[in-house]
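You will see two complexes here that share subunit A, one where it goes with subunit B and one where it goes with subunit C.
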Partner chain A sequence: MASEHVLSSTSENISAASEENEKIAVYLINGKPKIFNAKDAATLREYYRMVGVLVGCLPRNPRQNVHLGLPVQLMPEELSVLLNKGYAKLLKEKPVGPEECEQRIRVMEQERKANFEAQQQLYREDRRQEMVKQMSHIMEGKKAKRQRLLQAAGKDTPAEEATATIKEEEVCLDKVSITPTAEKHMLQQLFTENPWKREMRNAEEDWTYPTSEAEKVRCAVFQDLWEKQYYLTSGQKFGGDFLAYPGDPSRFHSFYIVMCVGKDQPLPALDIISMGRLGSNVRKTVLLASLDSGGHAQYTSLQWTGMS
Partner chain B sequence: MYSNRSESSEGSVIMSAILSAEELFRCRKRENLSVPQRGGAKDYEPDGSWLQDKRLEAFYEEHQSVLAEPRVEKSGSLVKGTWSSEMRLVNLEKTAKFWMKMGFADQQRNWLHPEEALFLMEVNCLDLRHQGLSLSLQEACDLLLHPSCDISEEEYQVYAHLRRLGFIVIRHAGKLDVTSYEKKIGLDKHARKKTKKNSKSKTTDCAQTTKCDEGNQTNISTDTQRECLRQAVCDREPVSGKQTEQGARNGSETLLNKVTGSKGSNQPAQNKTHSPLLDIEAVHNASESTVSEENAENRSKADEFTAQQNSRQGSETKIETTVETTRDTESGEPPVKKLRVENQNSKKVRSASSVRMPSLQDPWSSAIKQSLLHHSSLGLSSWDFSITPFPDMGGTETVSLPIPPSHLLPPNTGVDEDYEDVCMFDVEEYRQQQQLQSHRSVLNQEDEYGHLKSLDFSYAEWYQKHSKPINAKNWREWKAELRQRENSFIAESPVAHLWRGEVTPLVQPTDATSTAALLNKLSVIQPFKGPFPENPSPDAVRICFDVYLPNTSFKKSSPGLPDHRVCVVRGDHPPDVMEVHATTAHLADDVPLHWAVVNCGEISFFVFDDLDLPVNPSSVG
Partner chain C sequence: MTECMESSGDHPVLEEFLLHHSCDTAKARLAFHVYLNLAEVRGWRDVKLHFCKKLQTPFVTGRPTLGGDLEAAFPMAMEDSLTHQQIQSLFSSLSADDHSFNRVMLAVCASDTSIVYYKVSNDIVKPEPLDASDARKQEWEQRAAKRRIQAAECIESYCQHQSQQHDEMPP
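After this line comes the complex of A and B, so read on.
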């Protein structure tokens, strides 16, 4: 297969990431492993070839389902492999004590106040620049107004004189008072990831994932295929356990629909037929994966043939 | 693009991802709101080419930059809310546009369900605080989708998915007793008003289970429950404990029990999660038993009535009757009378000066009064028909009706002295009208379905057309005549001898009303209508959401029948076929029930359609 290039580059990356000793922070939230950091999500996909599923709203356009945003939810198999390999740390939040809470409130208030003041300045600056940009229009307006006032007063002064007086005013733009922007226009950041520096509990003991026999098969098969440089996603779309992609799922179609079966599990003929039908209909190979007695993954592919 | 800044006066506390004012200001105007394209044309397999690498790199770059974009919103357009861990709800300070479609209010407080609050956070509408501190999305997920809240991770994902698509999604409101006809004419919108009260009572349930021992709050909540109870019984008068006890009925009894039970404020926590469902059931029971409703209504009327009578006894010529009373009492009478009396009145009504005072010996009022007294002592039936006089309309041309008591008439009208003439009811004319009306309605129906009816043959219709109308004086005669005719018809048939002996064919010619009826009679195909439990057990599949199409006239207080219902199922816990059937059959209206299967964040929707297999008539012969 032509994945040698990919292989060498990714293994380099993996070692680089490990050297940084920056494990991906996976948070166990109500039993679901999730990543809230965009950088971690990118590392996961680019270095560790794991896709996960985006489950949140995309900040720039939240009301659509085409492209979702953070957090990334991991499949339990993905997390198990990440933990096995030591690429990720599984964390759980600790409850916040009252003193710490007070401190945070203080800091947050302070930060917000300073930020708003800085923004006030920026708004002022912005308004000034806008005025400079629109100066010609402003001048015209002023001229017209002056003319109107003079006419109303009955004085018939020549236009040049009027403009001359305005030009003096134009010089002192700083004197023009800019009304401060109301607080409701101040921008506020809404945090996706918990922004506080805090102590967290290691939740790796809570993660007991492969417990049943079927789960153990799934986990072993996932790890084996992942080690063989495949990208794996959930096979729900096609009724299998996983879909195996030769490269990043955004650029390539999946090759295999992986079905995990126990090695002693009987395989009804009707199931084989439906799997064969499925595979040939969607132009993918159905891969029957099981573990041998040594715990190594064994694969059988299913092909729909007609003999004539 | 967005640098991390960790310096601060107490810098040790804030970790990262805090944007400076400049960066925030830059986000003020988002130029690019487009959604990145997904993929495009995919390649077959990686070939290590430069082009492929470049494409992948570009994808990664865009992907990461889009994900890393911070959420920034003007503080004026954010609504502030606080998480109440006792209620497991979000309390809003003030509401915004979204309030049209979500949340609910009790007393002076506005509440959001956890899923609603979390979604609003995701779409930059809500600044949620807990212990005085603004929460990040991560903390909010942890807090709001905690197992102790009544919404699971999967359910939230389905909720958010549907909301992102623009649907209006509210929590499932239970079974609605709305017929398709009622839905067509929009009556269902009114029927739903009760469920709003239920969401209120849910919060009060919560309030009580939290054992907030502030006497004030408990008072409020009992009041709301009373309110709810009152609504359910449909009583116009304030409900006193006595009155409700009198009405020994299912619906109000359970509700009452709830009130008294929860007064102890010691409801088990387990009860809490299911109570909204129970509540709805109870209310439905109450509203279903129309007899009991009438009962309560009439009892109040009886009081009203006797009070009026009393006041009248002592006093003078001025008669005060409300239109309402007239209408109500009349509705209890046979419709025939009502129609005619009104008609005649409109002809012969005179000015109020010529009012004739009704005496208490007046047969109408005394009878009504008697029956009311009778019923209120028993508390069972609203009308005793053995006492109420009904006119005998059979075989006569006119019926003389007793004069209606003047308090039943519209105000400022009266019946003239020669009421004998007024209360003559022309039976013949009435009959003619009835016939005309029924004829007209039949004609209309035929117009509408004529093209369909010509297509299928029905023996019953054919028989009706080809036989003369039966003349009979009463029901028994009519039946006898009909039987005779049927027999004679069989005798005419060339195979009539088949039905003469001991052993006869399974079907009669008269059974052949349609193919389906015949097959049904022969029990060839029995549609599966299994016995389903009326109240599914708590761990059975729960319908989560009612979904409405985007609609500007949507009212959350009376949303009417939903357009879809959604049941959330985890990929590893599929329901069995019986559960699927039971859930569908329990609701028994034609709202499609979607099954959302959630597996590690991926959602797929399914619908199970109940299918009665059509019979191929040619094969049956």
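After this line comes the complex of A and C, so read on.
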């Protein structure tokens, strides 16, 4: 069976990470593998060809879910391959007790207070600088105001006197009062990494995938196609198990809809026809995949003949 | 379908086939149906009916175009099902004149005698790119237009010929 090697990739000879801290940290949260580090997510995609799915809120654009942000969530097959090859380590956070939570709240409030005071100071400096720049305008404004007040009081002072009085006041900039900003206008730091000290433990024994026969077929087919240099994502949009791309999914359309079946699972003729038709209508080849008796992946391409 | 095809005298090809091979009659009739469809409706060349001993089932071979590659068609009733293993075995078991097939047409027959053909390949086959299918469509449209013009010309010349003959007829 001729295998097709599409775009040659930089990751043809990826060796397992020799040290634990070279491995990419994947966190198991509620049974789903997630990556929170932006650099790791980029490495996974560009070097390891594991695309995953963004499932988090995008901080710069929170109130929508068209464009999501970190963390990246991996398919179970993606994690299994990464663990099998030694490219990633699976971690789970040790749960935090109520005392530590209290402590974290205290630290957070202290930080916020210090931050606010520092910002106030900076704001004052900033305002003072601005005043120096706008000195002429401020003086004119004060002069006009002074004259209006004098006229209203009925006095008739020559213009120079008025200007002189103003000048004295303006020299002492330090005495000029600057209204402090309210706390609601304070700038708040958004952390790009979890700032707390945490205890992590290895969670690989918690990872039992794949268990059922169907899961084993999926996992083996995924690994085989991944080793053939394809990029693979979830195939739910087209009713298949995976979609296989010749390159990064952001730059290419998928070529194949992969359907994993048991080798002795009877496929009704009508199912074969609907699979073939689907493929033709969306300009993709349907790939039927199963494991032979030796456990190796075998593929059959399904195409409509166009004979109507 | 068996009712309408039951007749006192079967087609000689079918009769010869049943004579030479100990094949289930229903399967043989199904295969023969595909044979007729390919030979008479689709216009395939060198269409032949075969019997695969390994799988104990008939199949059809032929060339879609004159001088083109030999293709195999595997008949299947709409109510049937195949496992992936069985599909894979088609590639290793079907052979005609020492010619094995890496690609087989699955001919799914419905009870109303309509047949749908699907290509199964023992390979990871890239889908046809957009420009290739556009080119194919364009070529087909050009041929259809040519056929229409030719047909119109034939009709025109026939009518002229007829009117000439009419004029030349003795009163």
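Keep in mind that, in the parts below, the second predicted complex is superposed on the first by the 228 of 308 C-alpha atoms of A that agree within 3 Å, B and C clash if a C-alpha of one lies under 4 Å from a C-alpha of the other, contacts with A are read in each partner's own complex, and residues count from 1 in each chain.
By definition in this document, a residue touches a chain if its C-beta (ideal position, glycine included) is under 8 Å from a C-beta of that chain, and two chains touch if they have at least 3 such contacts.
All of these numbers come straight from a predicted model, not from anything done at the bench.
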item: Contacts of A:281 with subunit B and subunit C, given as first, second, both or neither; value: neither
item: Touching partner for A:104 - first (subunit B), second (subunit C), both, neither; value: first
item: When both partners are placed on the shared chain, which of subunit B and subunit C touches more of subunit A; value: B
item: First, second, both or neither for A:71, with subunit B first and subunit C second; value: first
item: Touched partner set for A:36, first subunit B, second subunit C, both or neither; value: first
item: Touched partner set for A:236, first subunit B, second subunit C, both or neither; value: first
item: Touching both subunit C and subunit B, counted on subunit A across the two superposed complexes; value: 1-4, 255
item: Subunit A residues touching subunit B - in the complex, by the definition given at the top; value: 1-6, 27, 29-32, 34, 36, 38-39, 41-42, 45-46, 52-67, 69-71, 73-76, 93, 96, 100-101, 103-108, 110-111, 114-116, 118-119, 121-123, 126, 182-198, 234, 236-237, 246-248, 250-253, 255
item: Residue numbers on subunit A that touch subunit C, as the complex places them; value: 1-4, 255-256, 261-273, 276, 279, 283-285, 287-288, 290, 292, 298-305, 307
item: Subunit A contact footprint on subunit C (complex, rising order); value: 42, 76-85, 87-88, 105-106, 108, 116-128, 130, 133
item: Subunit A partner contacts - residues on subunit B that touch it in the complex; value: 6, 8-10, 12-22, 24-25, 27-28, 30, 32-36, 38-39, 42-48, 52, 55-56, 59-60, 63-64, 66-78, 119, 121-124, 127, 131-134, 136-139, 141-142, 145-147, 153, 157, 160-161, 163-166, 571, 597, 599-602, 604
